[in-house]
Amino acid sequence: MKLIVAIIRPEQLSDVLEALFHADVRGVTISRVQGHGGEIEHVENYRGTSVKMALAEKVRLEIGVSNHFVQPTIDAILSAARTGEVGDGKILVLPIEKIYRIRTGEQDQDAVTPVHSDS
Amino acid sequence: MKLIVAIIRPEQLSDVLEALFHADVRGVTISRVQGHGGEIEHVENYRGTSVKMALAEKVRLEIGVSNHFVQPTIDAILSAARTGEVGDGKILVLPIEKIYRIRTGEQDQDAVTPVHSDS
Amino acid sequence: MKLIVAIIRPEQLSDVLEALFHADVRGVTISRVQGHGGEIEHVENYRGTSVKMALAEKVRLEIGVSNHFVQPTIDAILSAARTGEVGDGKILVLPIEKIYRIRTGEQDQDAVTPVHSDS
Amino acid sequence: MNNADIAWMLVATALVLLMTPALAFFYGGLVRSKNVLNTMMMSFVALGPVAVIWALLGYSLAFAPGNGAIGSLAFAGLRGVGMEAHGAIPHLLFMAFQGTFAIITPALISGAVVERMRFNAYLAFILLWVVGVYAPVAHWVWGGGFLATMGALDFAGGAVVHVNAATAALVAAVVVGPRKDYGRHAMLPHNVPFAMLGAGLLWFGWFGFNAGSALSAGPTAALAFTNTLLAPATTLAVWTMFDLFRGGAATAVGAATAIVVGLVVVTPAAGYISPLSAIAMGALGAIPSYFALIYRAKTKLDDSLDVVAAHGLGGATGAILTGVFADAAWSGGPSGLIDGNPGQVLTQAASVLIVLAYSGGATFVILKVLALMMPLRITGRVEGVGLDVTQHGEEAYTAGDGAILVKPKEASIAHGVADVVVSESGGGL
Amino acid sequence: MNNADIAWMLVATALVLLMTPALAFFYGGLVRSKNVLNTMMMSFVALGPVAVIWALLGYSLAFAPGNGAIGSLAFAGLRGVGMEAHGAIPHLLFMAFQGTFAIITPALISGAVVERMRFNAYLAFILLWVVGVYAPVAHWVWGGGFLATMGALDFAGGAVVHVNAATAALVAAVVVGPRKDYGRHAMLPHNVPFAMLGAGLLWFGWFGFNAGSALSAGPTAALAFTNTLLAPATTLAVWTMFDLFRGGAATAVGAATAIVVGLVVVTPAAGYISPLSAIAMGALGAIPSYFALIYRAKTKLDDSLDVVAAHGLGGATGAILTGVFADAAWSGGPSGLIDGNPGQVLTQAASVLIVLAYSGGATFVILKVLALMMPLRITGRVEGVGLDVTQHGEEAYTAGDGAILVKPKEASIAHGVADVVVSESGGGL
Amino acid sequence: MNNADIAWMLVATALVLLMTPALAFFYGGLVRSKNVLNTMMMSFVALGPVAVIWALLGYSLAFAPGNGAIGSLAFAGLRGVGMEAHGAIPHLLFMAFQGTFAIITPALISGAVVERMRFNAYLAFILLWVVGVYAPVAHWVWGGGFLATMGALDFAGGAVVHVNAATAALVAAVVVGPRKDYGRHAMLPHNVPFAMLGAGLLWFGWFGFNAGSALSAGPTAALAFTNTLLAPATTLAVWTMFDLFRGGAATAVGAATAIVVGLVVVTPAAGYISPLSAIAMGALGAIPSYFALIYRAKTKLDDSLDVVAAHGLGGATGAILTGVFADAAWSGGPSGLIDGNPGQVLTQAASVLIVLAYSGGATFVILKVLALMMPLRITGRVEGVGLDVTQHGEEAYTAGDGAILVKPKEASIAHGVADVVVSESGGGL
């Protein structure tokens, strides 16, 4: 079980979600974050004050997957999130020791296997 | 030392916090996130445009605990966050290598042992 | 490769960012979170309703670094984020198994080595 | 009929119309973000269907010649409502001015049932209410009905508007029941500046409400206007003092509330009392509402935005104090207790009780009959998700990214899904 | 000249001025948060440069004595625009009132090109447009031009303002082209309450727009006012019904839109028709816009905030229905179809077509000429980042922490960077 | 006394009242989100206690017959302020109109001390200030005091309101001291649309401020009105040009600021100058404020929201240019430099200096005396947490979930805690 954390551009989110769904990844948690990397920093002006915006808007995806899903997930993100310009983001892979599905208490593998639901 | 990451429904947050406090967990960091799982997707309409809201509001809890606290913490979350309907969320357990308390520089075990404060 | 997660006070963010930049850490992702710890809880009043604000505003930093950067990064955060009062936050160090740069697909070490950009 | 009075009444009518969007912000800022559109729509919808039914039917029941209890159908469908003079202004302008009152009064009720009432049931309710409750009560006081004959004073609607709406709010809060987490979880305002915007615009609009009720731009309008400045200012000052003495902090939500309470209190008296009495009324009027607000939150009554404490108590206090402070030297007419006419206080109290009894009873009947036909409230699960998504199919604040467009080609399928979700919400959530 | 009419026209002018900030919120709430300041600035900037050029030049072209096609330079630089009477009010107040119309009309166009047009190009465009398109069209109808001679009725600007702006919007949307993700990704409103605030303030201001167009505070103003209350109320009621019957949910964005559509529809007719006809027009006027909005979203036309469906169709419907419902018994003048003058409908249709043709052609020419001198739109990458940062160098909502102050000593260097970034955006992003 | 003038002054008074909530948004949008309620309350509280003390005392000191320096107590407690004519309107309406000026003037000062002044100290300060500084200065110019005798022209308050408030702001910023992170960290506006809303509503309300200062609805009101449209429009146009030429980007914060500056500049001149001069003044008036804003941010003076640059420089420029442009042909009275009366410029400059000297000195004394009794500012730690939580015990924007309700049974304990926290803040944070 791995936790895949990806930092991407907000404008790529829709594409990445679609790519993930095509790769059969059904569970993902996202958050709005700000990032600093090699991007050009914008200078903004508020009345007489100039500020360098060191942080750019990003989206963070967090996906818990079983081991054989790791590579497809990463490939899906890599291809859908890439624009080729500085600031495309990073993917981190972390080890997970245990995973629970709150609704049922199921653990690990079972916890991330999508159940049938009528949507 | 483990990092427990839980994704729950926002409306369960108060209950989960209370359950954690009863289980003597005093330190927790939360963030507002959005999740996609097996939930029914809402279709929203904005003038002529229909959109499927693939993402539902969730809350993410992050709790660094020493090993003997792991199970009580998980149990507290599992029971307080469960509604039994699809979308209750997940709990992930990750290994932590080191933990510091910024205020004092204390490490590991000491860093997460609550200090006496007058609240 | 490690993932350093730090929870700090929002008002220390600028100082911490500066300290990180001085320590040559160029990549960081931050998010606005709320935390509960030993802080005094504020009681707020909305008309007749009193509520205890169990959660205080915090900022969460997430920094993927190669091993020899771990200690400098931690030292930078510890010194810039400390005010000495309860609520300064925590630093967690987690193991990373793999890291990718989305723009290029580079992995691990290469993925976090800053590229030259003209900012 | 003259252009000066027309000019003022044009403005006054526009000002009162603005109060309904203002109310939408006052209320909308105080609920949780997942319910803000629903809450605002509860006010906005009064600007549509309610206004139309009022123009076509309600106005006639309230103001066409009739008996002591109700008007007639003489003005139904706006027949006979034309350019001819009605006092100093054209009849149709009078109708428009009254229309803005009929719009905001039912909207006031919504504060008691936000965050759990089904939107369709609410809409049906206020349509019935404006015809069945507001129109007759307006007739009693302003249409030549029996309260007018009795000598009850209500310059701009302390009883007709505020006591009336607040009583309906009380009944509705009880019939619809509390929110599932009421008294268990904290439910906090999601945007206090919106509530302050609402309060600011309400005050601005209320000058039209009160000074417009003079129906001309003469000295009485100036008096009503000045009192509408001084009374809420005093309520705000007293409220701030209470806040500082009790807990040490003057709150913004409190300030917004104080302004509304002060405006409610002076409404029935505005054109009848001296400016100094307006200051007194603003100060006295703060007391019942201030403590009722604190007390109410400890009870089981989930009058979510405190319509009863603010409009009910404020309106009743104002109506009764009108009987105390009314002053012939200023009003050019009615006198109150201080001016040597103690009986007026009783008349005022009676008028409040009569409105209370009728509004309470009729509201109860309307809601119970509606409940036979459709569920009045959403289910608990939907309360968790919020009413914006489930009742209106939209969200107030979207991050923009991550929603998936339903393409034209998929539209039919998607529409299927939409139908499922929405019919679920249209059905019995 | 008398103080009563002056009093009303002072207020009416202030009300119309408020409509431009109101429009900024109506539009600003409907775009994504990264573009809200740019969208709002597209309206606000009309309050500055456009107002000045109008006062110095446009007003004269529209209202100074001239021929059937255009005024003259007699009033240029405000020469001869003074305290003397112009009808019931001083000439300069008439100029100010007209100025507020000239401000909002170009701002309306922006709804079709938000989220991708370069700000400088937009500014140049509306400056040319207000002089080259708005001024002559206003002259044709209100300045004694050939449409007035033809007998076309346009009480407050159905053709002059709404058809005119919407035609320009259509052309601009086509010339500038769709947003890069249009039809591919969902682009949702970031703050629906802002859109509702805009709609509420627009309604409030529109009373000045329509009832102010009577240019005095007489019964005609009262009629126009009442119709401006009843028509949008009816449109909102009908719209809500459509929503409920179609999908089961009345949306807040829909309600805000319905209010604007109803206001547009009644604009050309406000002082010419009976209140009952206003209700009819409000109801009928809902239909084309309602369905056009749904249809447009499925097309390739990225008229982002539906200026064409709301203002174009609403304005045209209103203009033509004015020819149906105009009633000499109420207007004291022109009659329409129902009142026995069927030819008026054709006159109305002709006036709409003429405005449409001229506005469309002239707008196209202006944009194409501008495109030779500067890029009209930003590049795709900048669309992703958003126009607030790239076109205005600021953000609407900042978390506050994490921005690094450019210290005075570093100012020169920072300025260097700023110049790079900004000149990039000033250049050809 | 006539209904036309009353009608206009009713509206004008309502418009000026609206400016204080508008200011709350203008200021509130420019601070960080943790301080928005505190900032807004600094304006809102003026609507309560300040209004009351003005009605009971300040008005009399300013406008009751007295000597050259100060009025008398003849009107204290509103004695003798009744329905009788005061010019064209009832005396009490004049009092109400003046009251709205007395409310907003102290609120203006708050912009210099936001984000660190203790709320209680601020409240005490403005109460003393409105009586001790505003009332006499108003008397000097408008109450028949010595500046009036000297022939100083101040149509609607360039010196009385803007120079006066800005001088107090300057002194207060110095005495209270800068925010702890001033000049070290960036402190950015949290909601620029709120600032734009404020600017839009301020402009709208300012028509009442300036054209209402004619005190009747005659041609002078129309002139003042038109100038209040043209001057800020020109300032906005010039400001936008400066922005474009300097950095390449027209900012929204800049646009909102420009509107306010233009309004301030034309305030003293509104009814005295030709519309063309208003355009000239709007253009000239932009210059000092524009560059002062840029310069100030590089100094140690933490006049946080630039009251001095916008209101002080704008007011002084306006006052002096009034002496240049005043034109008997338009004003029907006073002439300025261009009209052949060069001495007026000196009179104007003198009046600015006198107000500056008195306001500066008296403000300094008030603040120093208050500082002996209570700390004027919060401590550094509290600055970090924000003033909303610590001074008002509430938050502007809550996510809603995660707050824990203090149950009635625990109320006593919780109250204990509250007392600790709040008394801490009430004490010396």
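Letters A, B, C, D, E and F name the chains as they come in the text, with residue numbers starting at 1 for each one.
Convention: a residue touches a chain if its C-beta (ideal position, glycine included) is under 8 Å from a C-beta of that chain, and two chains touch if they have at least 3 such contacts.
Bear in mind the structure is a predicted one, so any value in this text is a computation, not a measurement.
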| item | value |
| --- | --- |
| Where chain A and chain E overlap in contact partners, by chain label | B, C, D, F |
| Contacts common to chain C and chain F (chain labels) | A, B, D, E |
| Comparison of A-D and B-D (more C-beta pairs in contact) | B-D |
| Selected from A-D, B-E or C-F, interface repeating A-E by over half of its contact pairs | C-F |
| Fraction-based call for chain B against chain A, same above half, different below | different |
| Centroid distance [mean C-alpha coordinates] between chain E and chain D, Å | 32 |
| Whole-Å gap separating chain C and chain E, where each centre is the average of the chain's CA atoms | 47 |
| Chain B and chain C: spacing of chain centres that average the CA atoms, whole Å | 18 |
| Sites on chain D at which at least two other chains make contact | 2-4, 7-8, 11, 34, 184-186, 188-189, 191, 197, 247, 249, 251, 253, 298, 393-395, 399-405, 411, 417-418, 422 |
| Multi-chain contact sites of chain A, meaning residues that touch two or more partners | 11, 14, 17, 30-32, 34, 40-41, 44-46, 49, 51, 54-55, 85, 94-95, 119 |
| Touch-based graph of the chains, sorted into line, ring, star, complete or other | complete |
| Complex interface listing, chain D residues touching chain C | 186, 188-189, 247, 249, 251, 253-254, 257, 293-298, 306 |
| Chain C contact footprint on chain F (complex, rising order) | 34, 181, 184-186, 381, 384, 389, 393-395, 399, 402-406, 411, 414-415, 417-418, 421-422 |
| Interfacial residue positions of chain D with respect to chain F in the complex | 2-5, 7-8, 11, 15, 32-34, 183-193, 196-197, 199-201, 203-204, 207-208, 211, 216-219, 221-223, 225-226, 229-230, 232-237, 239-240, 244, 247-253, 255-256, 258-259, 275-276, 279, 298, 330 |
| List of chain F residues in touch with chain D within their complex | 1-4, 6-11, 13-14, 17-18, 20-22, 24-25, 28, 36-37, 40-41, 44-45, 47-49, 51-52, 55-56, 77-78, 81-83, 89-90, 92-93, 95-96, 99-100, 119-120, 123, 191, 194, 197, 388, 391-401, 403-405, 407-408, 411, 418-419, 422-423, 425-426 |
| For the chain A and chain C complex, residues of the former touching the latter | 2, 5-8, 31-41, 54-55, 58, 60, 74, 77-78, 81-95 |
